[in-house]
Amino acid sequence: MLFQVEMTVTIPLDFDKVEADRIKAVELAYSQKLQETGEWRHIWRVVGQYANVSIFDVESNQRLHEILIGLPLYPFMTIKVTPLCRHPSSIRDDDR
Amino acid sequence: MLFQVEMTVTIPLDFDKVEADRIKAVELAYSQKLQETGEWRHIWRVVGQYANVSIFDVESNQRLHEILIGLPLYPFMTIKVTPLCRHPSSIRDDDR
Amino acid sequence: MLFQVEMTVTIPLDFDKVEADRIKAVELAYSQKLQETGEWRHIWRVVGQYANVSIFDVESNQRLHEILIGLPLYPFMTIKVTPLCRHPSSIRDDDR
Amino acid sequence: MLFQVEMTVTIPLDFDKVEADRIKAVELAYSQKLQETGEWRHIWRVVGQYANVSIFDVESNQRLHEILIGLPLYPFMTIKVTPLCRHPSSIRDDDR
Amino acid sequence: MLFQVEMTVTIPLDFDKVEADRIKAVELAYSQKLQETGEWRHIWRVVGQYANVSIFDVESNQRLHEILIGLPLYPFMTIKVTPLCRHPSSIRDDDR
Amino acid sequence: MLFQVEMTVTIPLDFDKVEADRIKAVELAYSQKLQETGEWRHIWRVVGQYANVSIFDVESNQRLHEILIGLPLYPFMTIKVTPLCRHPSSIRDDDR
Amino acid sequence: MLFQVEMTVTIPLDFDKVEADRIKAVELAYSQKLQETGEWRHIWRVVGQYANVSIFDVESNQRLHEILIGLPLYPFMTIKVTPLCRHPSSIRDDDR
Amino acid sequence: MLFQVEMTVTIPLDFDKVEADRIKAVELAYSQKLQETGEWRHIWRVVGQYANVSIFDVESNQRLHEILIGLPLYPFMTIKVTPLCRHPSSIRDDDR
Amino acid sequence: MLFQVEMTVTIPLDFDKVEADRIKAVELAYSQKLQETGEWRHIWRVVGQYANVSIFDVESNQRLHEILIGLPLYPFMTIKVTPLCRHPSSIRDDDR
Amino acid sequence: MLFQVEMTVTIPLDFDKVEADRIKAVELAYSQKLQETGEWRHIWRVVGQYANVSIFDVESNQRLHEILIGLPLYPFMTIKVTPLCRHPSSIRDDDR
């Protein structure tokens, strides 16, 4: 089950820097662990923004929801979810 | 140089079906050739839409423009281009 | 896999009435068959609009896409897809 | 009288966690009681959002208003109300 | 059951004038009959627009839908429906 | 001179409750006095919102502005004003 | 009674040029006559657009509606009406 | 050089009243001085809003920018600037 | 007087190709002549769009309007005009 | 690689003035250094706004991202990035 997820992060100007850095470190580990399991298939930075475009490959909508609300930066994020599926023109096996 | 390109196709209700099918066949070949060269890195279908989310990896903005205006379905498309770059959290070598 | 799908139908003023009625009849049969299999879980009319709010329960994103692009009225529709999952407060077993 | 109601919850980052949890517990009880009476017919979680899509079946607009402004989380919500009615294609008796 | 309904009419530039006038005459009779029964409570013209703001008082959502899709000008209209209820500050008995 | 006025009230979560109640009481008296004079012709609650739809009948734009900026809740309101006039289909004398 | 009216004109590409010129000539005369009576107080061109910003000073909303729907180019126009009144800072007597 | 400028003022609910009044007094003097020199040609209040529609006649874009960022209420304003020019239908010499 | 002008061109699918090519050739000459005089200071293509971002340096709003409505492709264009002025941080003499 | 970048700055009303001035001074130096290297090709002020329109010429998307997130005012900015390329009509060698 493929999904495009666009995440935009907004941390308030007066939010504690040390706490923000701590959360970002936990976020990094969280993201990389899910990349390793293959559920978080791709992640790219959007140029000029504190935002990313990601592709998830999960077994269900429920699982995607668990992953997203578990993001350490979730309380600071605006999230847009778009369900995808294989494109008939694709020649790449792993764009399933 | 990475770009997310979102393409939405709108073919008028009264457009000739045979001609539309001919253009779609040329589009398919055009897309697959660029996937083979590696410039069109990924393509996914958006569920419920005649639309795709694609990732391009090209040497320049100019090259991306040439590819997009050369799309056989270009006159029927609305296109949104988002420049991307490698995300610091990515563990995949080819998400460069 | 639950999805809310909102469909809005726009038939051009000068579209042939007989052909429109024929398509609507096929649409009715197509919809009811999918309701019987359980994939099209709910359908409601939006008051004052030629539009509906529907709930689908399908095995995959791919399957939902096949259902939607197969709708006889698809060429006349604007479609919005929202992925859903079970709500922790729900007491109804079939709102899974 | 059927209504689609979309509720999105935004709790400020600095809102007291204990108080937030208390309100959420009251909200849960409030919601389940109305589900039991049948007025709150369906509730689903929107994937990736602190939001739900619900279907209400109430005797009047006035009653729906009373229910919504009585939600314990109401001060934190953005609410969108869409009046629905039975769809002529529906085969389910309780999608009335 | 009170509803605000905002209707905007767009008749194509090349639509037959005689037929348009015929439809408008039927619309006038249709509207006035419903005003007489009390279901179409108020109607005002929006200044500078081919549009109106109306208040309906109907027994159900279903009835409102029947009235609206029965409008002779319905195929030319964009319609926005807003459910209303009595305001606690109102001193007018018939703003129920 | 008829106007549709849509008022939406947003009181900050941390605003003093006692002061808010005091302002609302003044607002109630202010609104009812203007209803009695006939300038505030109608007021309805929008279902699910802290908002109203009102119809004003005033001698001038200037007078409407004075009424609106004098609303005790004005600093908390978003206001949309739409000029109306009598609709040629209206059969009600007081929808002038 | 002062109003800002913003008018944008869109004439279809395939509309008859001679007929368009005829309508524009009638529009010119219509506008200048109303400028002379003082009801159409100001008119300016929006740079780069087939659009104008105008100020009307009329005795009622009804009168403004009559003027606007009587515009020879009305069927080709999108119109936005904003009610104005005298600004307390104004030093010009005729910005009443 | 003519410009339509729309200014909307938003002063936070908890902003000091005395300081706000002081700034408004300076704003009044600033505006009237520019009206006297003829650069601020017109100013009208938007009904129901803390906003104005103004017409400026300045020698350059640079000069308009200086005037606007010099407004005492500038930090509280949202500003929209639209370049205008003489309309060919205008009969007023000073709508240049 | 500096302006950013963003032009987007939409030529209908069924517009005559020979006539379109003729207009584009005239547009090219028109644009290059104005570039040579210095009024059309910069022009760039927007990647993936039949659109450009341009910078104009003209003596007045009136002159800019004449240039824009004189564009051979004007009837096919959507145009957005943004007035600019010298930025205090600029080190380039000709970004005046 | 050319990009149009639109930056809008919003500094909170209660942000420390001295600190804001310090950041602006660093921003000025940062901008001028990049203008000198040629990566920040153009910068113009948007009239009436605390905003600029800039043109960047960089070797890659990655480089543009580094420049933008390194802006001293970045935490206060809303940024819009549009990829550009040479326009076939351009006669200026450095609009490459």
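The letters A, B, C, D, E, F, G, H, I and J name the chains in turn, as written, and every chain counts its residues from 1.
In this text, a contact is a pair of C-beta atoms (placed from the backbone, for glycine too) under 8 Å apart; a residue touches a chain by one contact, two chains touch by 3 or more.
Bear in mind the structure is a predicted one, so any value in this text is a computation, not a measurement.
Using the contact threshold fixed earlier, the set of chains in contact with both subunit C and subunit I is B. One rotation lays the C-alpha atoms of subunit C on subunit G, and its angle is 145 degrees to the nearest 5. By residue number, over half of the touching pairs seen at I-J are also found at C-D, the match among C-D, E-G or B-C.
The chain pair with the larger count of C-beta pairs in contact, out of C-D and E-G, is C-D. Centre-to-centre separation between subunit B and subunit F, using Cα means, comes to 51 Å.
One simple way to say how far apart two chains are is to compare their mean CA positions; for subunit G and subunit J this gives 40 Å. Averaging C-alpha coordinates per chain places the centre of subunit H 28 Å away from that of subunit J. Each of the following residues of subunit C touches two or more other chains: 2, 45, 47-48, 61, 64-65, 81, 83-86. Which chains touch which is summed up as A-B, A-C, A-D, A-J, B-C, B-I, B-J, C-D, C-E, D-E, D-F, E-F, E-G, F-G, F-H, G-H, G-I, H-I, H-J, I-J.
Every residue of subunit B that touches subunit I in the complex is listed here, in rising order: 5, 12, 15, 61, 64-65, 68-69, 75-76, 79, 81. Residues of subunit D touching subunit C in their complex: 2, 4, 27-28, 31-32, 35-36, 42-48, 52-53, 55, 82-92, 95.
Against subunit I, the residues of subunit G that register as touching in their complex are 13, 45, 47-50. The part of subunit B that touches subunit J in the complex is made up of residues 1-3, 60-62, 64-65, 81, 83-86.
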